[in-house]
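To start, the structure under review is shown below, and the notes come after it.
Chain nomenclature is as follows: A, B, C and D, assigned in order of appearance, with residue numbering initiated at 1 for each chain independently.
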Amino acid sequence: FELAWVHANAAAQSEQRVKAGFDAWLAETGKTDWNVSLLDSGGSGEATASNIQDAASRGVNAIVITMADLRASRAALDAAKAANIPVFAVDSGYTDGVLVDITTNNWAMSSDVSVYLLDQMGGKGNLIFLRMAEHHGTRKRGDVMETVLKEYPDVKVLAEHNIDYTAFFEDTNKTMEDYVARFGNEINAVWAPWDEPAQAAVNVLNAAGLKDVKVIGIDGHPQAIAEVCKPDSQMIATVSQPFEKMGAQVGEWIQEIVIDKKSADDVLPAKTVYMDAPLVTKKNCKDFM
Amino acid sequence: MSDLTHSASADRRDTVFGIIPKDYVQRYSTLVVLVLMFVVFTVTVDKFLTPQNLLNIAQQISMLTIVGAGLTFGFAAKEMDLSVGFTVGLAGVLVPLMLVAGWSLPVALIVGLVAGFLVGALNAGLVTLVGIPSLIATLATGSILFGVNFLLTGGRAIYGGLPDSFLWLGQGRIMGVPVLAYFMIAAVALAWFVMERTIFGRYIYAVGGNQKAAELSGVKVRRYKAAALIVCALFAVVAGTLLSARLGSGQPNAGERYLLDGLATVFIGMTMLRPGTATVLGTFFGALFIGVINNGLNLMGMDTYIQSIVKGVIILVAVAVVSRSTKLNLL
Amino acid sequence: MSDLTHSASADRRDTVFGIIPKDYVQRYSTLVVLVLMFVVFTVTVDKFLTPQNLLNIAQQISMLTIVGAGLTFGFAAKEMDLSVGFTVGLAGVLVPLMLVAGWSLPVALIVGLVAGFLVGALNAGLVTLVGIPSLIATLATGSILFGVNFLLTGGRAIYGGLPDSFLWLGQGRIMGVPVLAYFMIAAVALAWFVMERTIFGRYIYAVGGNQKAAELSGVKVRRYKAAALIVCALFAVVAGTLLSARLGSGQPNAGERYLLDGLATVFIGMTMLRPGTATVLGTFFGALFIGVINNGLNLMGMDTYIQSIVKGVIILVAVAVVSRSTKLNLL
Amino acid sequence: MEIVLSDITMQFPGTRALDGVNATFCTDEVHGLIGENGAGKSTLVNVLGGSLLPTSGTVQIDGRAVRLSSPHDALLQGIAHVSQEGSLVQGLSGAENILLGAEPRRMGVVIRAGSLNAQAQALLSRWFPQVQIDLRRPVGDLPMADRKVIEIVRALRGAARLVILDEPTATLPAREKEQLWGIIRSLPQQGVGVVLISHFLSEIKALSDRISVLRDGKHVRTAPASELSEHDLVDMMLRRSGGANLHGTTAAKIQGEVVLNLRDWQVGSVKVPNFHLHAGEIVGLIGLTGAGHTGFARSLHNPAGVQCGSLVVAGKPLKLGSVAQMQAAGIALVPDHRMEYALVGEWNLRENLAMVHPQHGTFGAGVLSIRREETEAQRVMGLLNVKAHGSGQLLKTLSGGNKQKISIGKWLYGAEGRYRVMIFIEPTEGVDIGAKAEIYAEMRRLAASGVGIIIASSDLLEIEAIAHRVIPFTHQRPGPEIPQSGFSESAFITAISGAAA
């Protein structure tokens, strides 16, 4: 059984976790005859399209795409459709030509954690707002925060920065250093669009000796959960996305639809399937470790 | 080495293995590796030699080839355009933005071309009038364009609302052949004709080959350096427009990888045909080289990271032969 | 026979505005822009001229400066290392991986250096023994290293489990000054000394300045070209190691932007001190230039995209002055 | 047509190359331009040819003021320029270079490749009927002499009214030189004027109708050639009496030990069965283009292309290795084509001088001492009387002859007593008559100090003045040696023009 796994950008931890969940499922169910080839698009929409197209020409039995923006791969998806190859998407947005997109609700996740942060701030204080518009998920999260903020007139956005995705960790680091120099202990909170920049922000705050800042991230990567769990850490919350479960779920659907030849309409609950993504705070973090 | 070998070698060509004239090795060895690779993939990879897949390759390399053809003009004039990726990106957001805003396709396309012309003219002015070396000038304009591209879209990608006539440019087919392939062939043919058969191309090569000599022969050096940079930007906006049509989306950072990839095609091209010189056909084969490797290894189902390693090794092997027999000066 | 003009013309230098000798403009104008920029930021930006912020800048440019210093060796020998970003990345994952796997810090650091040496030696061998132009050779080894870096980590970033002694290298301070700043100063001082005050450096400049003349003067050209490429890779692994210590994380693609940024520092450096020549101090000022712009505009609270535009414009303005009075040949 | 340069001043950083020069050039004469190295000759013709805009001064053509701000402007006025340092586009063929800027075209834009080759060939045969050059080959593959011919043909190709030739004969071998002389003489009758720069005073005197002399950037005098003796010319150039024989004569040789002994040498197709050189001796190698003497001389220092041969230097047999090894054994080479093979244009003079023996100016352990370097550089520059505004001047801004002095100076810097054999190829290429004397004096001094010297030169007068014995080469083989007693220009010409077949 030939499966092509197309990463939008394999360097992202979330994609790695989806893959890990899938691999664990493979091991659990003893699928030694599945031949999975990895194709990384390195963050390029065009490479994603080419990878899908090549996989279609190769005539694989199924294609999985993770964290891509599939609207930019329409033509390639048509090729897969023409070749009768089922395509499963993970957090890539439902587009004609894929069977299903399994994802989490970015608006919902952001509203959970954003409101939590603002409440923890007591509805007032100064905020650093880090955003990232290039990725649809982080963009939606930022848009939600922006909307929510309108209802908190006493919270002042000290600075807003769009993270440079190609070197997000270093970029966040440098930017936060500059903000710390500029605002010092005026900073009460940092909103980061996902966990890694949140971690970078926490590092900078610690290094500068700022002790009383509230930082949130989203994704719930193990390191982030551990950070939240540290009692004195300034990272107060994240949202746990069930990436591993998405991977395992994709495996199950492939088994049922492609191998067992069940009807997709029976197997799939919807075209876009949202999975639960609970808020992780210092109180409940132990449950996620 | 010396006068002595000289007169002798003119008629009695140097040979390799006693049969292949050395300058054939110099001109064609990289090309031979390309052909060999093609044969190996045909034999070992199932779906490689199918019309469908060959058209895929054509489609996949078309934008890269067009960017590379533009860079070839720059290289020929010994000017490097480091902003080319962002120029691709500029057209890639500007044209979709205009279309989404309701402008007609011809207007949007023309605005894209005009924008390319202006970028090229800016680069050209900085280089030929102010005298800033192109490496720095285009690095700086690249930084400026990066900002402009993201400002235009607010950082987000543009989707939807694009007319079918536009999408057809990037996704359609004529007689089964992708429209993109026709664009590529037209661009290569045009660039080849201009560079190899017209006075304009000859002068571009001349100002790059020896500026002083060109000057003393009455060639207007600045004019041709400027022209090369403008052509480079124009090819980049064509590629960027097609890219957004292919993706059905305007992505502000989609062009960035075209700089390094475009340079790679030109460099590989410089190892063949006229070693050490950037030629349009060389660049085309360079793009084909990269396209065939990517496609073949993908079809083999090779892991991306291993692909990257294998790609590096193939490039090294391909150019090692010619490098041993010629002194190549790429810059 | 020549003493007359000699003394006469020595004092009657060509001047700009009737007072500033023209060659001072050529050497120092970019530097003057740097100083002006510094003054402007000091006046207009609140927290700019604070010890804390200056140390921030030092810390922020330290890795870039180290990479740039390495590239300077390559440029001096007229060899370009396009793999430098991936070499930064290699050390940036290899050293953390070793540490996480339980190796001691000295062992991990030494393995990092050895890896850098091997990468440099591979580049050097391809260029000096096989004869592949460095632009192609390092493009290909870059592709190989990209694959290696991602294979090493399986594509994921390494977080956590790094010993404090390691993190201290990137985040610690000695007498209030970041450890990174000491590394930077040591690297610049060492590189400056080697390039400007030793025969080794002189020969590297010689093989870059005129290879044939160096050869006929008894300089072992290949040896010094090879040495330049090896030094470049060694500086890159030092920067990569420090980068991962600073980030507290090994990220396989964190080094990539060090190629273009590193080139930018070298190019800007080439507009000052000895215009047209890559010098260590020039590169250092080039990095400072970029660092001060980024920091100052950030402190002003300027939008990222507008920053990028402003940065491009400042670079153009800074080099325009010298470009008008000198013919700069960067490559 | 009459071109009048008035009050031309050209100021470079650190140097005033021209200082209020006035000159008039006409299309019915050959105008000789002389002056010592660095006098400003090239700068003046660069202004005339549009390559340089003067700091002040005016150019008038037939009474009209013109602004020549590029060579293109100058060409439009009918002024073509063959510059001192060669300039051709390496990647293009000879034919393409000859017609660069004037290609035969179809519909205004498309190059007619076929007629391009034919036209270029026709031009070559018209001006140099006896020279055979494959014009379809890239010029980078051609010998230097052929390249010069191509440059000259390029200048003569069109409707030029005035042709500037800046030291055209410095790198031309005898046969091409004679043809060029013929061309120069014939041009004024065809309404084409010539501005000729040369350090060969006899050549200037024989070819020119009028001669202008520059000294230290100032115009000294212009007069009909017939009114000036070579003697006067030297006086005006150097501001001293040219009465003495500037070339001097080389004392009879001191028979020292054999410093170099060579057997069964083969490099390329050149075969030298045996050759030896004594300490204190100066041996001249002469030959036509392609005769093999320069290749042989180079191979003694750079044995990379040597197929076989044995070499004994100062009693020690040498294994043929790299340049560095040959140098360590005591062999030095001052090559021809200095900008390509000897000097770094972007370096200053000090750095160029220290290139071979940087060890001399160090604290030891490879650490340079700028002060020591400076002291030694000053010594060498004084020794060779280099005209520069200091050792920090960039080499590329020196005049041609001064560059040549630096090329020689490299081997004197910190080298006292280091070399047993010194090879000079065209050592006075582009060097003025005064500096020539200085270089000869230096060579003689070196010989007297026990160095064995080999000089390969196409300037037969030079060989006659400096050598103790001469070995003529024909067809890649050395011919019978000519002892000093048998020296004469005609003897040399007979020997090299191949009585042997």
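A few comments on the model shown:
Everything below uses one rule, namely that contacts are C-beta pairs under 8 Å (C-beta built on N, C-alpha and C of every residue); 3 or more make two chains touch, one makes a residue touch a chain.
Not measured: the values here are computed from a predicted model.
Note: the chain lying farthest from chain B is D, by mean C-alpha position.
Mean C-alpha position of chain A lies 34 Å from that of chain C. Between the CA-based centres of chain A and chain D the separation comes to 71 Å, rounded to the whole angstrom. Separating the CA-averaged centres of chain B and chain D is a span of 42 Å.
Averaged Cα coordinates give chain B a centre that lies 28 Å from the centre of chain C. Counting only residues that touch two or more partner chains, chain B has 150, 155, 304-305. Listed for chain A are residues 7, 10, 40, 162, 166, each touching two or more other chains. The touch graph of the protein chains shown belongs to none of the named shapes. Remark: chain D residues 11-16, 36, 38, 216-217, 238-239, 301-302, 322-324, 327-328, 333, 335, 340-347, 351, 354-356, 358-359, 362, 366-368, 370, 385-390, 410, 434 touch chain C in the complex. Against chain B, in their complex, chain D makes its touches with residues 49, 51, 70-72, 75-76, 80-83, 87-92, 96-97, 100-103, 105, 109-111, 134, 137, 143, 154, 267-270, 289-290, 292, 294-295, 298-299, 304-305, 476.
Of all the residues in chain B, the ones that touch chain C in their complex are 80, 82, 126, 130-133, 135-137, 139-144, 146-148, 150-151, 155, 260, 263-264, 267-268, 271, 304-313, 315-316, 319-320, 323-324, 327-331. For chain C in complex with chain D, the residues that touch the partner chain are 1-2, 4-6, 8-10, 12-14, 21-23, 196-200, 202-203, 205-206, 209-210, 212-220, 274, 276-277.
Note for the complex: chain C touches chain A at residues 46-47, 50, 52-53, 56, 59-60, 150, 154-157, 159-160, 171, 243, 246-249, 251-254, 256-257, 294-295, 298-299, 301, 303-305.
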